[in-house]
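The same subunit A turns up in both complexes below, where it pairs with subunit B and then with subunit C.
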Partner chain A sequence: MTSTTLLEFARGPALTWATGVFVAGVLWRLVGVALLRTKKDLSEPRNTATWKGLRLIALRSWPRREFLEGTAFGEIMGYTFHLGFLAALLFLVPHVLFFENVFEGLLGFDFSDVFGFTWPTLPTGVVTFLGAVSLAALVAVLIHRLTSPVKRLISNFDDYLSWLLTAAPLATGMLAYAHAGGAPYEVLLAVHILSVEALMIWFPFGKLMHAVTIFAARGSQGMLFERKGASL
Partner chain B sequence: MNATTVGEYLRARGVSRREFLIFCTTAASAMALPAALVPRIAEALEKARRPSVIWLPFQECTGCTESITRAHGATIEGMIFDAISLDYQHTLQAAAGTAAEHAREQAMKDNWGQYLLIVDGSIPTANAGYGTIAGVSNLDMLREAAKGAAAIVALGSCAAFGGIPMARPDPTGAVPVSDVIKDKPIINVPGCPPIPVVITGVLMQYLTFGRIPELDALGRPKAFYGQTLHDRCYRRPFYERGEFAETFDDEGARKGWCLYKLGCKGPTTYNACATAKWNGGVSFPIESGHGCIGCSEPRFWDAGGFYRPLSTGNWGTATTVGTAVGVGVALGAAAALAARRRQKDMEKKA
Partner chain C sequence: MSATSGPDTKHEHEIELDKPRFSVKKPAVRFDRQGDMLDAERVEKAMGNFVKDFGRTAAIWMESCIHCGMCAEACHFYEATKDPQYTPIWKLEPFKQAYKREYGPFALVYRTLNLKPKVTVEELQEWQHLIYDSCTVCGRCSLMCPMGIDIASLISQARHGMFHAGLVPHELWAVTERGHREGSPLGATPKVFKDRVEWLADDHDVVIPLDKAKADVLCTMSSIEIMKYPDSVVATARIMNHLGVDWTFRTDGYEATNFGLLSGNASWQKEMSMKLINAAVACGATTLVLPECGHAYTALRWMGANLYGKPLPFCVLHISEFLAENVQNGKLKLRKLDKTVTFHDPCQVSRRGGATEAPRVVLQALGVNLQEMFPTKGTNWCCGGGGGVVANHRADELRYKVFRIKMEQIEDTGAELPVTSCANCRQTFDDGQAHFKWDKEMRSLLELVADNLIEEAA
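Moving on to the complex of A and B:
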């Protein structure tokens, strides 16, 4: 297999199958939860405007003052990583072209025609910096996890694999940008794409699925709390 | 013309010493050789005996021959090409039929083990009838000629990697030279067509040093194929700044911004277009406003479309993803039903 055929494989069959597993897996998880029977709540609701419980989405996304001492590191690193990762994912020109092609090639419509604006992008240097910061934050949280006795105790295979599969696209993406190691660019690009595909395949089956369920879970829990009259 | 060395031949054609040294300096620069080597190159090249060259064109379009012989006016690199003793090239030679084949056989016999074999075009393997010369299949002719060759130059993407004849659905079972010949040094000089100065540069390197140049993993001379077009592209700063032409006639295109979004394959294409350029150094495709199509890379014809950006996927049809939607929903529904049943059983027990 030449480096060109490796890239062709990564962009073609591997991408198609990884997307297939990703889509099937995510739908399996979502439909499986959505069709579950909800237990009938026979108690008198304390509040009827349960939608107010959606505030929990925002409240749980911000550190609580009383726990700040213990959670500050995780919160700061978590936000740093997530924002850097999202910036790299959503605003790097090659990534934007990929997503626009998903709309056009897979869903059959032009993004800017339908939404009325073109997908914004950031200069490559800015995205590279944010990616590096994001990767550094990921390394920091891993060290924290490994050195904290409690965190180490509650960590399992899922945590470490999810970390690895999240860090790999960031690291390989930056290697590709830097043309590092003397490896041909197409090999670095193929490895980067394959690392993303590994992430997509694992995504529905582990803790990475939180990216899809987190806000729905917090919202539904908040509405339940609101009905019961619990303090949010 | 009775000249036996390249130097004698060039002098007879009126090439001055100054012009010759300028050419040697340019070629040394193109091959990334130090300037201190120029006098040695000039001396070696001048004294080099005109090597016997047999050129076999198979499944090709004659574009490679056109590139070297008709690209622009008379130049020293053109004369260097002329300076070799081209004993067989059925597009260029005057002889035809039996006389031409006899010339090839005679040249092979006289220079057995020493001649340079140039091949352009891929070799059909599905049926001998797809490519024959004087009743001899391309495959047999290549095998026979390769036996007595000192080295083989696979000229153009078809000979080097199979090229367009090998593109899907590959009706002739086309293969590159390296798939047929395993026991001879092969220099791949891909491109559709290759750049004239690259062709002569490779020949000159062989003439000067008497050995094949340093090659990359795909058998290409590193001196010419060591860097991507993207690495040496004058539009690279626009890529770094995120300034891209969106169409071939928008403001970005007029300002000469990066053509990545329009499908340029510069980042994955190894060739000397950005430095050696075409048409006597006038420009190269990106300079003319069109993205690189990656013609010096294997399978460039099938690599996902010339106008599709490199970072996009080659989805083919959406069948797999459509099936995945169905499978995911069905699995989710089945899992939920099973959970409901368990819930009911538990309630009954309670």
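Moving on to the complex of A and C:
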């Protein structure tokens, strides 16, 4: 396979299949849970506006003072990784062009025509820096997972595979940007795209799915506890 | 060493009344496996009953753990030992495994490819220590979880599975069975209760109405209070009489302790709750007052209507809420207490029940100098005795380690009096106090109020 056909494969059938698995898998997992019955709570609520408990979705993003001592490392690394990853995903010029193409391809309209503004971007150097910081945070959490007795005990295959598949797009993206090792750009780009597709394929099956379920999980606890007036 | 099959319930499990901790005597031979089921049947029952009432909410929590391990930092058992097995989410590991294999959206894939091995009875037996001995279902971990998983409620679900698999710690099973058989887990049968009420009324020269056909308020007690802290029965009567309430105790519904909830037997839990509900309905009560008992609050206030199948036709209040209401409406007038006090939040009433401010309103009315612990209210540390742990002799050493956290917290406040509104917390403190020869004695908010009523001149 030449470097060009590898890139065509990555951009063509591989992307189609990865997207299919991603969408079908996420829907299957969500619908599988959503279809479960839920019993009406007949107890007299302390607070009737239980929807207010949805604020827990935002509240839990900020650690409580009482818990900070034991969780500061996880919180800081979590924020660093997620923000860097999102910046690289959403604001790198080639990514934005890709999303705009997808948007136009799916809906037949230009993004800026519909929303009245162009998708913002960050300079490539800034994104590369943020990507590197994000990758460093990922390395730090891996070391922590391997050395912390608690995390080592509770970790399983999913944790390590999810780590690898999350780190890979960041690493391959930076390699492609740096034109590393004299490899043809098409190969580096194809490997980067394939790494993203591997992430998409694994996403619905493992813990990466928390990016979706976090809202329902926090929201459920929030509404349940708000009803009782319990601590959020 | 755990033995199979159940103990002789008629002759064993003598209650110890003369010890700081009120429970069954330490068994000479432990029976931590009940019944004669085959191993495969135990596993099947454990998993079947774990997912029996599994709805959307529990499932989304099971789908959301990212193995960050932060919940360990919230758990007093981990904090006291730094042993990773006490990480709250790890306590659910076999159940997580079984959920993925048998119940989750990708169960077929997990089963077909054997990606998650079948849980064994040996694993479940090993986990008994984590599900019962080292979890008070206090829910502190649920507040820590960045994903919003209510780990405590999942532990309760796991207990349902363990009970039906006959894998409950000896003492907890014994008191639960006794509650089912006698109507009270700790010997406070209707006859004992009636005798005690009559004796207390006589001894303390207080009117204690019993079995009134009609009353506005039905008061209930926990067996710990009836048998170990009878002053709480008297205190309840004094306060109700002082307020001029039309109230009663009833022998057909007085026992608020619900070991069905703690051990994981939903039908026995319902049976205990229904006695209270039926008694309140029978006397036409508009309010049912729950005693100083944490899990009794969860059992009736938050689960009672769901067991009843319709909204309860009366209001359910924890005694601290009842007192606060009467402070706020000006009916309850109290003498000022010139003391520095700190308040220990019972987890089920405060953190998980929402009645956090009520005891503080009462303490304010008592004019005390309230020194809050750190952390306090919703994130206060558990005493280590809830969830049936204090009844379990096997857990004693671990519980004492956990209790050190509580002692340090209280010492740091510099308060003269530690006060709480849960008799189970109180006996955990009594036991810890005796063990460590500590000079602080836990006091009951209810009794403190009764001791400081301002009697109006006739």
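Quick note on the criterion: the second predicted complex is superposed on the first by the 231 of 232 C-alpha atoms of A that agree within 3 Å, B and C clash if a C-alpha of one lies under 4 Å from a C-alpha of the other, contacts with A are read in each partner's own complex, and residues count from 1 in each chain.
Convention: a contact is a pair of C-beta atoms (placed from the backbone, for glycine too) under 8 Å apart; a residue touches a chain by one contact, two chains touch by 3 or more.
In this text the structure is predicted, and so the values were computed from the model without any measurement.
Model built by superposing both complexes on subunit A: subunit B and subunit C fit together without a clash.
Contacts of A:71 after superposition on the shared chain: subunit C is touched, whereas subunit B is not.
Shared-chain residue A:189: touches subunit B; no touch with subunit C. Of the two partner chains placed around the shared chain by superposition, neither subunit B nor subunit C is touched by A:116.
Contacts of A:16 after superposition: subunit B is touched, whereas subunit C is not reached. In the superposition on chain A, A:213 makes contact with subunit C only, while subunit B stays out of contact range.
After superposing the two complexes on chain A, the shortest C-alpha to C-alpha distance between subunit B and subunit C comes to 5 Å. Touching of subunit A by both subunit B and subunit C, each in its own complex, is seen for residues 28-29, 31-34, 36-37.
Across the complex, subunit A is touched by residues 53-57, 59-61, 63-70, 72-74, 78, 82, 84-85, 87, 89-90, 93, 104-106, 142-150, 301-306, 308-312, 315-316, 350-356, 374-375, 377-379 of subunit C.
Residues of subunit B touching subunit A in their complex: 217-218, 228, 230-231, 239-242, 244, 260-261, 267-268, 270, 297-299, 302-304, 308-316, 318, 320-321, 323-325, 327-329, 331-333, 335-337, 339-340, 343.
By the touch criterion given at the top, residues 2-5, 7-8, 11-12, 15-17, 19-37, 93-95, 97-98, 100-102, 105-106, 121-125, 179, 184-186, 189 of subunit A touch subunit B in their complex. Only residues 28-29, 31-34, 36-39, 41-44, 46, 56-57, 60-61, 64, 66-67, 69-71, 74, 78, 148-156, 158-159, 205, 207, 209-210, 213-214, 216-222, 224-225, 228-232 of subunit A touch subunit C when the two sit together in their complex.
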